[in-house]
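Heads up, there are several structures right after this.
After this come two complexes, each holding chain A, first together with chain B and then together with chain C.
Presenting the complex of A and B:
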């Protein structure tokens, strides 16, 4: 029964996304899917481990540049490129992780944000010989078309990104139910008690950090393959807050929050910049109001309503089922 | 080896840059120390100070009056934002203040873009004269900036140690609940501190305006350095902020003499080293609020 319930939730989510494919333009859908993969990692860090990460674009850029370097200089297969992007995400987060996860939440946020800015400078100025600075790397023509799921075609890329997002989502669902997920939540609540229970806080946090940032790196390499172009702009200081904003908008620590948040944020940004122009003003004011109103976000405030509705349906079915059971006996 | 004349001008350049960093970081540091908030909107008051300096100096013809107007307006903006936004989130977790203040920062940048547009604006240097030290030409304006930063440090030291409000603020940094228990209205202290922090950021923006181009994202450009200063010095410590600001200024300035692209990376390496040894920064408190 339990399995059935979360599969049904999953089916609803993806039926929604298929509906999006029919009713909304393709580039917008691709954007939403990649963005939700991007945000899931931040959501996990903020909602489960209690780390507020303003440095998520750093790992996005690491994944994107890992893929881009491979596709520009060495090879042509996009799948290998994505694998290399994920690997570089793992490597970088394993290098910086042990330094960062020892810090308190507030220091963590500041240091991570500084890392994003540093990677921006690194890609824009220091490594300008191989990254071509602000011009970015263009490798769209280098990407091979593969026999199954040709990633150079946006419609087939959509299916691939969809499957990848599905896998990531199911993985996080699994993590949330596992002992590891419970440990993460426990370190957020009271890390002394976790230590008394015999777990190693440092290892739990490091694992969560690496998992979340690898997901973000995957989003980065998806961006790289989809756009066929990478520039330092994706980690610029003005964009460091994007994933946090979307996480809060969607609802912290909920599974559907990132998806709802990305749809709302991307849609809003498109509409506002189309009709109004000055999207920063609107997003900023909106963020302040969301924070003043509460901390639940869109999905967080919708979830109880939906649950109550589903629950009422079940209540209506239950007595009938009980009666049937009595009669058959 | 580096030419000594180049080194001297490099040191002066680093000191003036450190002064700006100090004026910026003191706001963040004070706000964290007393109210336990991370107030990213200080970067907005910095931009407001710079833009007011630009506009008023264009109207009046005197940059110093512009700087003064910048300080006043950013202090006023800080007062209003504290009254209407921060008063409601002091009791909440520290991450809330961070996200809310980021919202204010982004929204404020939107307002600045709407008023002044996207084009970078130049501000004339108020003192054109150069000072000759051992055959090296030093712009006097940079020396004035350093002197102003030192005066601000002295003023804040006097304020915190010699006045009753300052003593209450210092006690509040140690333990807010005890101060409240003494019958002092801590929310008034919070307002005073926040306005001082905002005015200092405005002063930093106004003083830095003639040295750089004024553009809407100037706050985000200095963000990484201010963070490094605050982290290296330790959140909540004024002495630590003072020392680390000049340290970072020197590292950036002399690092750029040795190898230009290195300048932006070197402070980060230093920050990581210091955090490895002492995770709370040089003078940071080990107190932790949950």
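Presenting the complex of A and C:
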């Protein structure tokens, strides 16, 4: 029963995503799935560890270019490409992490933003011979069809991305419920007291940093395979706030906030851009109103109401069950 | 003969350029309760923080069972069984009582909560409540409960009774007596009746200097210690 309850939230959330797939076009669905995987790392860092990161596009680009380099220069199997993208994310996180996680949250935000700018210029200018600068790397035709799930077909790619996202969410739910999740939250609330208990808070932060950025790199790899194209634009300075904005929009630190935020953000972007050229302006104004209405974001505001409703339902079921017990005797 | 759980020699500490402790020397034997009294700003909390590894001393030595503690990290010292319970009663407010205890258990490898719940039965009732919703006394119980997991050899407790109701103070007094059967305790306290009732020795500090070391049982009384407050 507890196992079922543990999975129930995840199953409901992803069942709703399947419903979206029925009613909305495939590209929109692929976009929200990948975008929500992109955002969950930022959500974990901000909600669990207290790190606001304006550098997530850097790790997104690391994953995307890791995959793109492999598929353009070395191989044709998209699964191997995704694996290489994930490994690139782990390697870069392990290189910069020991330096970055020592910093206070505000400096952490800025140094990550600086990394995004560095990656942008590396890909745009310094490594232009192999990245082709702003023209980007096109490798859609290099990618081989694969058995079982053919990632070159958008509908089958959706199934793969959906399953990958489900696995990511199950992993983050496990983290949230684990001692490690509690340690992360404890370092956010009171760094010193974690040390009183005998924990090395540096190791906790580094592990959280690597996990979050590896997830972001996975999102980058998914983008690369889905689009068959990468360019430095994905890590441009104008894009650095996107995951933070969506995290706040969805609800910081909530498990399903990144999904809700991604649906809302992508939906608003697609809907508004149809009628209004400067859609960023409208989204900016909408965000201000959403923040003023409740700092908890969309899911952060809805979650307590849903929990209260579920609790009432359970309470209402209890006397009925008790009555049934009496009658059976 | 009891082993020396804590030995501080010629400790000098400062916050930046501001000197706070001057040539402090104290020692604590196994299972001994040591009170530390003094006015506000006397350096009592700074002494505990220096021992716990939160403040690197300018000079002097701090050792436990012959092992030098100076230069060790706070989590390393906690791992050696020297637990610091700070004054502010700030628990991990977004975590439940259970999660707070789990953090203590995981760090110390001790998952036996029976002693904790025996000392503080109220925590059993509050086990699924977020720690942020606990009263001051309940938070203190949780902090002490979390710290005693793993059977520490030395507890450094900073003003545990500050702002608490007399009934809780009395309960804590009994708990400290019981705890002293298995660990040494250094308690910074301004509540003289309480600290005198349980201490084997009292150190009195004033303006960062050690004014007195009171070891004779008949002198460990509120009346005798009053001038040091």
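Just so it is clear, the second predicted complex is superposed on the first by the 315 of 329 C-alpha atoms of A that agree within 3 Å, B and C clash if a C-alpha of one lies under 4 Å from a C-alpha of the other, contacts with A are read in each partner's own complex, and residues count from 1 in each chain.
In this text, a residue touches a chain if its C-beta (ideal position, glycine included) is under 8 Å from a C-beta of that chain, and two chains touch if they have at least 3 such contacts.
Since the structure is predicted, the reported quantities are computational estimates derived from the model, not experimental observations.
K.L.:
Taking the superposition on A as described, I'd like to know which of chain B and chain C A:111 touches: first, second, both or neither.
P.N.:
first
K.L.:
What is the contact status of A:244 with respect to chain B (first) and chain C (second): first, second, both, or neither?
P.N.:
first
K.L.:
Return first, second, both or neither, reflecting whether A:185 touches chain B, chain C, both chains, or no partner chain.
P.N.:
second
K.L.:
Identify which of chain B and chain C touches the larger number of residues of chain A.
P.N.:
B
K.L.:
Going by the contact rule set out at the top, does A:198 touch chain B (first), chain C (second), both, or neither?
P.N.:
Touch partner of A:198: chain C, not chain B.
K.L.:
Please indicate which partner A:278 is in contact with in the superposed arrangement: first for chain B, second for chain C, both, or neither.
P.N.:
After superposition on chain A, A:278 lies in contact with chain B alone.
K.L.:
For A:121, is the partner it touches chain B (first), chain C (second), both, or none of the two (neither)?
P.N.:
So A:121 only meets chain B here.
K.L.:
Please give the residue numbers of chain B that touch chain A in the complex, ascending.
P.N.:
Result: residues 32, 38, 85, 88-89, 94-96, 98-100, 102-111, 113-114, 217, 220-221, 223-224, 227-228, 230-231, 235, 261-262, 264-265, 268, 271-272, 275-276, 279-281, 288 of chain B touch chain A.
K.L.:
Show me the residue ranges of chain A that touch chain C in the complex, using the header's touch definition.
P.N.:
Residues in contact with chain C: 179, 182-183, 185-186, 189-190, 192-201.
K.L.:
Taking the complex as given, what residues does chain A use to touch chain B?
P.N.:
Residues in contact with chain B: 46, 52, 54, 99, 102-107, 109-111, 113-115, 117-118, 121-122, 125-126, 128, 236-238, 241, 244-245, 248, 278-288, 291-292, 295.
K.L.:
Which residues of chain C touch chain A in the complex?
P.N.:
It is residues 52-54, 73-75, 78-79, 83-86, 90-95, 99, 102-104, 106-108, 146-147, 150 of chain C that touch chain A.
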